[in-house]
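Some structures to go through are shown next.
The two complexes that follow have subunit A in common; it is paired with subunit B in the first and with subunit C in the second.
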Partner chain A sequence: MNTAVLSARGVYKSYGKKEVLHNLDLTIEPGKIYGLIGRNGAGKTTLLGILTAQNTLDQGEVTYDGQTVWENQRALDNICFSRELQPTLFSGQNNLKVKHYLKSAAIYYPNWDQEYADRLLDEFKLEPKKKICQLSKGQMSMVTILIALASRAPITILDEPAAGLDVVMRERFYQLLLEDYTQTNRTFIVSTHIIEEAASVFEQVIILDEGKIIENCPTEELIDQFRYVSGREDVVDEVCRGLEVLSTHQMGRHKTAAVRGGGVKLDAALSADVDVSPMNLQNVFVALCGHGDAQ
Partner chain B sequence: MVKSFKYLLQFAWINLGAILGFAAIVIAGAYLTGVPQGANNLFRTYFDTFPLLTLIMLFLFSYALCTSNLNLALSFGARRRDFFFAIQGVLLLYAGVCWALQAVMSAIPDLFGWTSVDRWSFLMSLGGLTNWQYPLACLAIMTLGCLCGLLYVRSKGWGVLVMVVTILGGIAATMVLLIFSDSQPGTPGALTATILTCGSVGVIAVCELLIWRTVHRFVVR
Partner chain C sequence: MRGTLNDQSLIYLQIAQMLEDDILRGVYREEEQVPSTNELARGYNINPATAAKGINLLVADGVLYKKRGIGMFVASGAEETVRRKRKAAFYDGFVRPMVKEGASLALSEEELLAMVQQAVKEGEEK
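Coming up: the complex of A and B.
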């Protein structure tokens, strides 16, 4: 089993005057499935690019098994970052064919599983001779998934793997991911916007907001800290006193508050004349990163 | 570096195949349309100006080498340093194959007794494996193509500017080189050829330096 840790320390990254990542620290432990979630422009792809030395950093350090990742072949051999494919590349069509992607992946990834790749190619009904620009969004995601799974890299990162996939295919992807994880126990980092579907797959969730990691903990543990408290306005206000109120929603005298807290205070709320209901990961994400936009 | 070279070879064979295929079509077309007997047609023009056509094709191939090929390699975990050195190997391969092709094409009229061999002066002045100015021109145009691709990714304006300058400069330099290629040592023609040769070496050196710096900071899209 792989025991190497991927770690980022004090990472800063800016594009021109816009600072994208601020003093970011992150540790990716082996044998876990991480979910990386954040709003558009939060810096997810930039972070993943920096972790895999595909992007440069302004300050800080990224290490794998204690050694810097930048230009380190041993580290790069162990990390696969399967990016979301684009139909256009550098202002022109992406004329590379599926087979070019697969051949290239086979050259670079030392643990590449050709048999598995062929099986997935067959299952996904992908034509190797088709150009990337001729594929549908869903088919591009299938190529991303295929490369990530067949790479057999100890640390495998997928950027928006479910984008454009229909619900059946998404289910199949999560199934394949879990099957692979059970067999190999390798580390996966999955960046996605389809949070609720993927939540049950994530062992640990990382929430990135405006270039900062605001949460990095086991999914269940995180969800368990949040509740919706709803009822008469004055009662809800009374109950929520002392709890961290993340957002509120009011209809007439009925008020719903998204709160964070646990233990005694939440127990007190349960005995009051209010409804206390659990939140799912998507609700937690909206409460933490919505900044009032979704209220 | 071996991985990156292997990776680039899969594209290089396709590109070289295209050049060789094009050469075969031009030779066959010229032969079948009576060019050896003195016919003046499109195939004669293509045959005679093949050195220039090859340079244009090399420019396009090297452009892709430093855009989509580089991007894909780095996204699969290639080291930037390795990719840079693999590029050098592929550029030498391209230059070598095109040089050999040039030698073969310029030898054809003489070898097969085509009439009015002197009609092919344009082509033959660059022919032969002893004329190392042609592979030098290939390397210069390819390093410019590579740099052009890298600059275009960062700034379209700079990319287009370098592309236009390269095309115009390449054509002008080839013409001047052709005009003075037969000049004797010590004459103004030979001096111009020497200056152009030194200029090509300078262009290659500057481009390589810029390519190294740009590849080293390249961000995968």
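Coming up: the complex of A and C.
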């Protein structure tokens, strides 16, 4: 089994005056499916680009198996970053054809599995001769998914693979991902905005907020730290004392608080006259990254 | 097994609970094989590590056991073990909340017990 770790240490990145990543540390262990979530503009794509040496960084280092990834053929052979396709290239239309993308992927990735690629091409009903600019958004996502899966790279990164896919196709995508993962046990990093339906697929979840990793831990362990506590205002306040309150919502005397705390403290809440209900990953994400924007 | 998972509790707990339900219903009998981690992962579109966590929970409780190189099997006496576990969970999950709800309605102990007895009687008449 592969034991190489992909790791970022002290990464800073700015675009002009805007700092996108701020002293970021991240460790990607082999053999797991990671979910990367963050709000629009949080720096997800920038981070993924830097992890795969497709973006420059201002400070810090990214290593794979102890070696820097920058201009390191041996490391980059093992990492596939399937970027979102764009209908335009530079200043014109993206007139490259699907087959051109597949051909370059076959050259670029040493573990490329042509038979698997053909099978997926068939299943997704993609026309190899079609130009990228003629594809729908969903079909562009399918091309990036196809390249990512068929690359068979030990570390495979997908940026917003679910964007534009209909719900049937999204389910099928997660099925394919899990099937391949079960067979190969390679590492996947998947960024997505459609959180809830992906939560059960992620073993580990990474939350990026304002240029920093604020969480990187097993999905269920994270979710289990959070609860909604609701009831009469003063009782809720009493129960929540000593717990980290992330957001509150009030209607008259009825108050609901999103709280974070260890098991023992939450158990204390159960014996008071309040309702305690669990959160799902989406609720947790909103509680952590909402910053009071929408309540 | 149930068709879908919900987001009201952690997935590995739901997996463990569904397997227990099926053991109580006789879907899986004692000494019979249960679905593997990978089969569960495929069936429910969940991460295999999560499915494994659910199965390991049942192994720790003595409901399932591992036959090396073959798979997971229902332990003998598993039905009894599950029932005992469920009884304890019934007290915490149903009886105590019921008493709490009764208290918030200012029901006396006698009234509460009378209600329980009546419900038992109605159940017997059906």
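The rule is simple: the second predicted complex is superposed on the first by the 295 of 295 C-alpha atoms of A that agree within 3 Å, B and C clash if a C-alpha of one lies under 4 Å from a C-alpha of the other, contacts with A are read in each partner's own complex, and residues count from 1 in each chain.
By definition in this document, a contact is a pair of C-beta atoms (placed from the backbone, for glycine too) under 8 Å apart; a residue touches a chain by one contact, two chains touch by 3 or more.
None of these values were measured; they are calculated from a predicted model.
With subunit A as the common reference, subunit B sits beside subunit C without any clash.
Shared-chain residue A:201: touches subunit C; no touch with subunit B. Residue contacts after overlaying the shared chain place A:171 against subunit C, while subunit B stays out of touching range. Applying the stated contact rule after C-alpha superposition, one finds that A:103 touches subunit B and leaves subunit C untouched. When the two structures are aligned on the shared chain, A:76 is found in touch with subunit B, with no touch to subunit C. When the two complexes are overlaid on their common chain A, residue A:3 makes contact with neither subunit B nor subunit C. Of the two partner chains placed around the shared chain by superposition, neither subunit B nor subunit C is touched by A:40.
Contact comparison for subunit A: of subunit B and subunit C, B touches the greater number of residues. The superposed model places subunit B and subunit C at 150 degrees from each other around the C-alpha centre of subunit A, with the value given to the nearest 10. With the two structures overlaid on their shared chain A, subunit B and subunit C come no closer than 27 Å at the level of C-alpha atoms.
Subunit A makes touch with subunit C in their complex at residues 32-33, 171, 174-175, 178-179, 181-182, 196, 199-203, 219-220, 223-224, 273, 277-278, 280.
Residues 5, 7-12, 38, 41-42, 44-50, 53, 100, 104 of subunit C are the ones that touch subunit A when the two sit in their complex. Residues of subunit A touching subunit B in their complex: 49, 52, 54-56, 71-73, 76-77, 79-81, 83, 86, 89-91, 94-96, 100-101, 103-105, 107-109. If you check the complex, the residues on subunit B that touch subunit A are 3, 6-7, 10-11, 67-68, 71-82, 149, 152-153, 156, 217, 219-221.
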